[in-house]
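Each chain carries a letter (A, B and C) given by its place in the written order, and its residues are counted from 1.
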Amino acid sequence: MKKYNFYLMLLFLSSLLSGCVETNILDKIGLTTIVGYDLGTEEKMEITAVIREVNPEFQSNVEIITTENDTSKGNRMKANRQLSKKITVGQMRVILFGEKLAKENLHYYIDLNLENANVSNGLYMAVVEDETAPLLNYEYKNIDDIGQHIFRLLEQNISQEYMISPTLHETAHDFYSIGRDIAMPIIKRNEEHIEMSGIALFKGGTMVSSLPVKDSFYVKLVRDSFNSGFFETNLKEEEMPPGLLKKPSSEIPIVFDAIRSKRELKLIDASTPEFDLNLKLKARVLEIYPDVNLGDPELVKKLEKTISKNLANEISRVIAHAQEVESDIFGFGEKYRSKVRNSELTKEKWHEMYKNMKVNVNIDFIILRNGVFE
Amino acid sequence: MKNSIRLSSKDMINAYLLFFVIHSAQVGVGIQGFQRIIYQDAKHDAWISVLVAGLATHIVAFCMIKTLEVYGSNDLYGIQQDIFGIWIGNFLNALYVVYCFIAFFSVLRNYIEVIQAWIFPNLGTWFLSATLLLIIIYAFTGGLRVVVGVSFFSVILALWIFPMLIFPMKFSSSEALFPILETNLSSIFKGAQSMTFTIIGFEILNVIYPFIKEKKKVKKYVHLGLLATTIIYLSVMMVSITYYSEGKLLKTIWATLTLFSFISFPFMERFEFVAVCFWMLIILPNLCLYLWAAYRGTIRLVKISGTKFVWIFSLLIFIGTLIVQTRTQINSINTHFGQIAFYIVFIYPIFLFMITMLKKKITSRKG
Amino acid sequence: MKFKLPFNKKQTPIIVEESIVDGKMITPSKDGFIQQIKDATNNPFDLIIKSIPPNITIIYIDNLVKDQTLNEHIISNLQNKHNETPETIKGALSIPEVDIYGQLEKTIESIIHGSVLIHLDGYPQAVIANITTRESRSLAAPENESQVIGAQVGFNESLSTNISLIRRYIASSDLCNEKFTIGKRTNTSVALLYMNGIANDQMINSLRQRITSLELDALIDSAVLSEMIDDNSLSVFPQMLLTERPDRFCDGLLNGKIGLIVDGSSMAIICPQSFVEFFQSQEDQNLRWHIATFARLLRFTAILLSVFLTPIYVGALTFHYEVIPQAFLVPLSESRALVPFPPVFEALLLEFIIELLREAGARLPTKIGQTIGIVGGIVIGTAAVQAGITSNILLIFVALSALASFTTPSYMMGNVIRLIRFPIIILAGFWGFYGIMLAFCFILIHLLRQSSMGAPYLSPFYPPRLKDMRNSIIRMPIPFTAKRPALTRPTNEEKFDPKPIKPEKS
């Protein structure tokens, strides 16, 4: 046995010497935090990458590099030629698409990032109004690291449930799902800030329309359940129950938070198709125009009804808009597929049906409480 | 029977350890990406295929135990020699050894492929296979006690991975499972057959049986082990179906690992990188047990010492891993091996069971 | 098993030694006898030869015998009396241990051990009176295994004192004590202790065999003995416990273990010992079970941290930057920005410095040692960070893992924990997490292969014994641990009746 041990050691040592692997030492690599894809002017794609580097002199700095090439890896090589450190994508947090590119097709870009084992499935995707390069290249006064900033901006809004969640996994899920389409937030530069300006609706891999950012609440309400977040709506005078107002006013803004919603979708007619969307919302009144009388339980009931009606109208409007552009971001198709046996649904087939789909929105709104002062 | 195995109680293992042996022999590389293959056949009813396959393992294991019980304390190799005579029996034994060899090879090569695809794309295959083989040789030369110990710790130390499935459940919707039984039955059975590569491993029972102390309790622990495996496969499958959409699941090669990609802790992100490396502990018992099974078969054919055998075996495997280079080659080996394994693991034991029963009847009538 | 363990020690069958080695007898004449003794002992200057008229010679080695006893009980008894035969001398002496030997070999052996030879002219025998005295220090608190709650007495270097300590803890006739002499030149006494009726006979026999088959030149310390009779001397992991606490020793004996005490060594050996038991302290038995469980879990976490923290740092920073959370990314990369070395080298350097400090602290006189430990740690650490050869975060990790390694109650095991870190760091530096996992699997298999006196080293985890796990990395309340661990294969399993003692409750 002794002589075997000797060979074993020899084998081990020899492998130690020759089995070296390419290293990615943290301070010797440039970490790409954001990648922005645009349509190239001369070649196929233009890529703007926000790369974080650590230098002994500057502690850490952010490089923004824009390159153009036919492939993404070609772009990476091009960018590498301009940097002192190897570019890596393992810490990428956000992928941005220029609006023009999004209106063509994103299929290639989604696959590209799914294929790469280094890319996290949890990164966020968003569409930028106009082009990504100017948004990323702009020197903001108050933003040090634009990569971090955009990531935090998205993360914060998504975890607060102000915005739909657009992770790579969810985007790819929706893209490859038969009865569902992609929705992504739209961001834009507003002077010295970056802000969310809306929701992009996709049909397949192509962006077809957008909704204003205010509607994200309704979209989220229909897409899935709510656990937190708040929203604001305006009640019109004609919707108002009589006696609620002490002083007549044309509009009442009302704000709710701590919303819990339960979404129930029922397919009642497979041929049209027709859905019943039952939403149960429980919320706390956060802010209401001071003239409103909330002490009377009768009036609260009436107010609840008014709000329900108002919400139902808004939701119907949003769904109608989405139907118009044939983008099923709500996942009605998935419900259809799961309810109808042997439907042999395809994406095209569903989009045809989707246009004529009918949705009956029923909302049950309950005011749980208001603040500590009546 | 003449060639039954007699062992001192020191060399035997307790019956409850069989639970760990069976379970760890089944769970290995297959679980990393079996979803896609089953989904191709059975669509969103793939989980039913998993159940069917799990049920099949119970039936086959039942037959195996019945066959083994007839012989008291003997393994498959001895039984084959007894039933088919020395010549045909030994030929079948040799086939079974080759089967173990290929199973070992396929597990090892698949794991190396996963490492290369996820973490070290330019780390040499030879290096990975050499290091893994050295570890396995070290475990094997420790004897059955160490091999079973490796299975035991592999199950216990990997337990914490199972609750990680809760993380992707946040993104899953149960709608994806409906309508249940939309796929026709033949597709579901075809899917169940595709489970072969993932679910085999429990045939180690054929070889380890004489080493169990309390033969009466074998049945209980084998079935418990199989049940645990089925539950794990079923839950992984359910989560995968609900987490991925149809198209995405079909395109994800290692769906289980991709599931982990979402998991992050305050001190660690990208859990799949840890999982890929940690999987070494999960495949170790696979490899050790197949190696051991092959050894038990080989000593029935030729006189060879354990050390000599393990070095020859490892050398052959090592050369094998160097020959098989590309993903397409690996995939075709997996499919072919899966088909062969289906007949060896699922069909043959039932056949053997019937022959044994027949023989038993004849001999008892004679007696 | 059919195949041999590669590292297993060969166990050669013991050859029973011939009882009569040298047949040389004592010369009857007085002068001849003196010459014989002088020759045999190489005539040391502390050999005292004293003649008591008319025909008695007393020979002894100075400093080995009690002077007072010699004067009061031997010389005064023999003087002015006419002694005819050695038997009458034996009767005349008022001391307990007196013998008559005719063989020279035995006589020489006993004079070296501190007996007085009394020779009567004309007789081929000598009376041997044992009045040994041994220099030894007084009992003191155990320094290497200190504990807050519990006995504060440790073994010292004297075999007889140590055995009397043990007899004080276990006042039982079942306590067996066998004596062996090891070392051709040192003739060291070794005592084998066990509880009759608890300890496993087979195990005692095999230990007896191992001891008697040893052919050592010299045995200075018990640590050497334990390494010689280990199941696998080549393994880095000790398979027998060395302790200087009599309470721990006795607790072991009462659990069915076998103890060995070597004369001249303040550490006693306890075996069989499982891996887990090395991380248990005797104090755990004295604390409330919640606190003891917490302490044990803490120790286990400490071991894991100690072994794997630095390798994980090295692996993550060298290969797997993806797994680092975003919050750590900036501080980590900035603290490493100035460091010119790759992480492996940086970590090895720092670990090396820490080991250096530890070694220096252990070698230096106690007073200086403490200062070196503290000052050296702070000064070198800060200076290294400022000079930019290490990063802050690694410094914390390394200090933490060093600290954690010292929580191991057994110093021998603590050393192992510190040592195995180095190969793992190197593996992590070459192949990242894959290397760490490789090392982990190797250690696991290695531990699985080990045994202590034939008992599985990883017991009670493998083979799993649920009852014994109650007192492993956790400690259940004492009523739940009424059974002796199966590790020792005890003849009597029950420690006590686990029924509740308070009858008013039931």
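Keep in mind that, in the parts below, a contact is a pair of C-beta atoms (placed from the backbone, for glycine too) under 8 Å apart; a residue touches a chain by one contact, two chains touch by 3 or more.
On a predicted model such as this, the values are computed, not experimentally measured, just so you know.
Engineer: What's the farthest chain from chain A if centres are computed as the mean of the Cα atoms?
Structural biologist: Farthest chain from chain A, going by C-alpha centroids: C.
Engineer: Relative to the centroid of every protein C-alpha atom displayed, which chain's own C-alpha centroid is closest?
Structural biologist: Looking at where each chain's C-alpha mean falls, the closest to the middle is B.
Engineer: Suppose each chain is reduced to the average of its Cα coordinates; what separation in Å results between chain B and chain C?
Structural biologist: 45
Engineer: Give, as an integer number of Å, the spacing between the C-alpha centres of chain B and chain A.
Structural biologist: That pair's centroid distance is 41 Å.
Engineer: For chain A and chain C, what's the span in angstrom between their mean Cα positions?
Structural biologist: Computed value for the inter-centroid distance: 65 Å.
Engineer: Please set out, as single numbers or ranges, the residues of chain B touching at least two other chains.
Structural biologist: 119-120, 123, 131, 264, 269-270, 307, in rising order.
Engineer: What positions in chain C touch 2 or more of the other chains?
Structural biologist: 6, 319-320, 322, 324, 326, 431-432
Engineer: Residues of chain A touching 2+ other chains?
Structural biologist: Within chain A, the residues that touch at least two other chains are 1, 4, 19, 21, 90, 120.
Engineer: Can you list the chain B residues touching chain C in their complex?
Structural biologist: Residues of chain B touching chain C: 11, 13-14, 16-17, 115, 119-120, 123, 128, 131, 135, 138-139, 141-146, 149-150, 152-153, 156, 264-271, 273-274, 277-278, 280-281, 284, 299, 305-307.
Engineer: Which residues of chain C touch chain B in their complex?
Structural biologist: Of all residues in chain C, those touching chain B are 1-3, 5-6, 319-320, 322-328, 431-434, 436-438, 440-442, 444-446, 448-449, 456, 458, 461-464.
Engineer: What residues of chain A sit close enough to touch chain C in their complex?
Structural biologist: Touch residues, chain A against chain C: 1, 4-5, 16, 19-21, 23-27, 29, 31, 54-56, 59-60, 88, 90-91, 93, 118, 120, 148, 151.
Engineer: Please output the residues of chain B touching chain A within their complex, sorted ascending.
Structural biologist: Those in contact with chain A are residues 117-120, 122-124, 127, 130-131, 134, 171, 173, 175-179, 182, 243-248, 251-252, 258, 261-262, 264, 269-270, 307, 311.
Engineer: Name, in rising order, each residue of chain A that touches chain B in their complex.
Structural biologist: So the residues of chain A in touch with chain B come to 1, 4, 8, 11-12, 15, 18-19, 21-22, 90, 114, 117, 120-122, 169-170, 172-178, 180, 334-335, 338-342.
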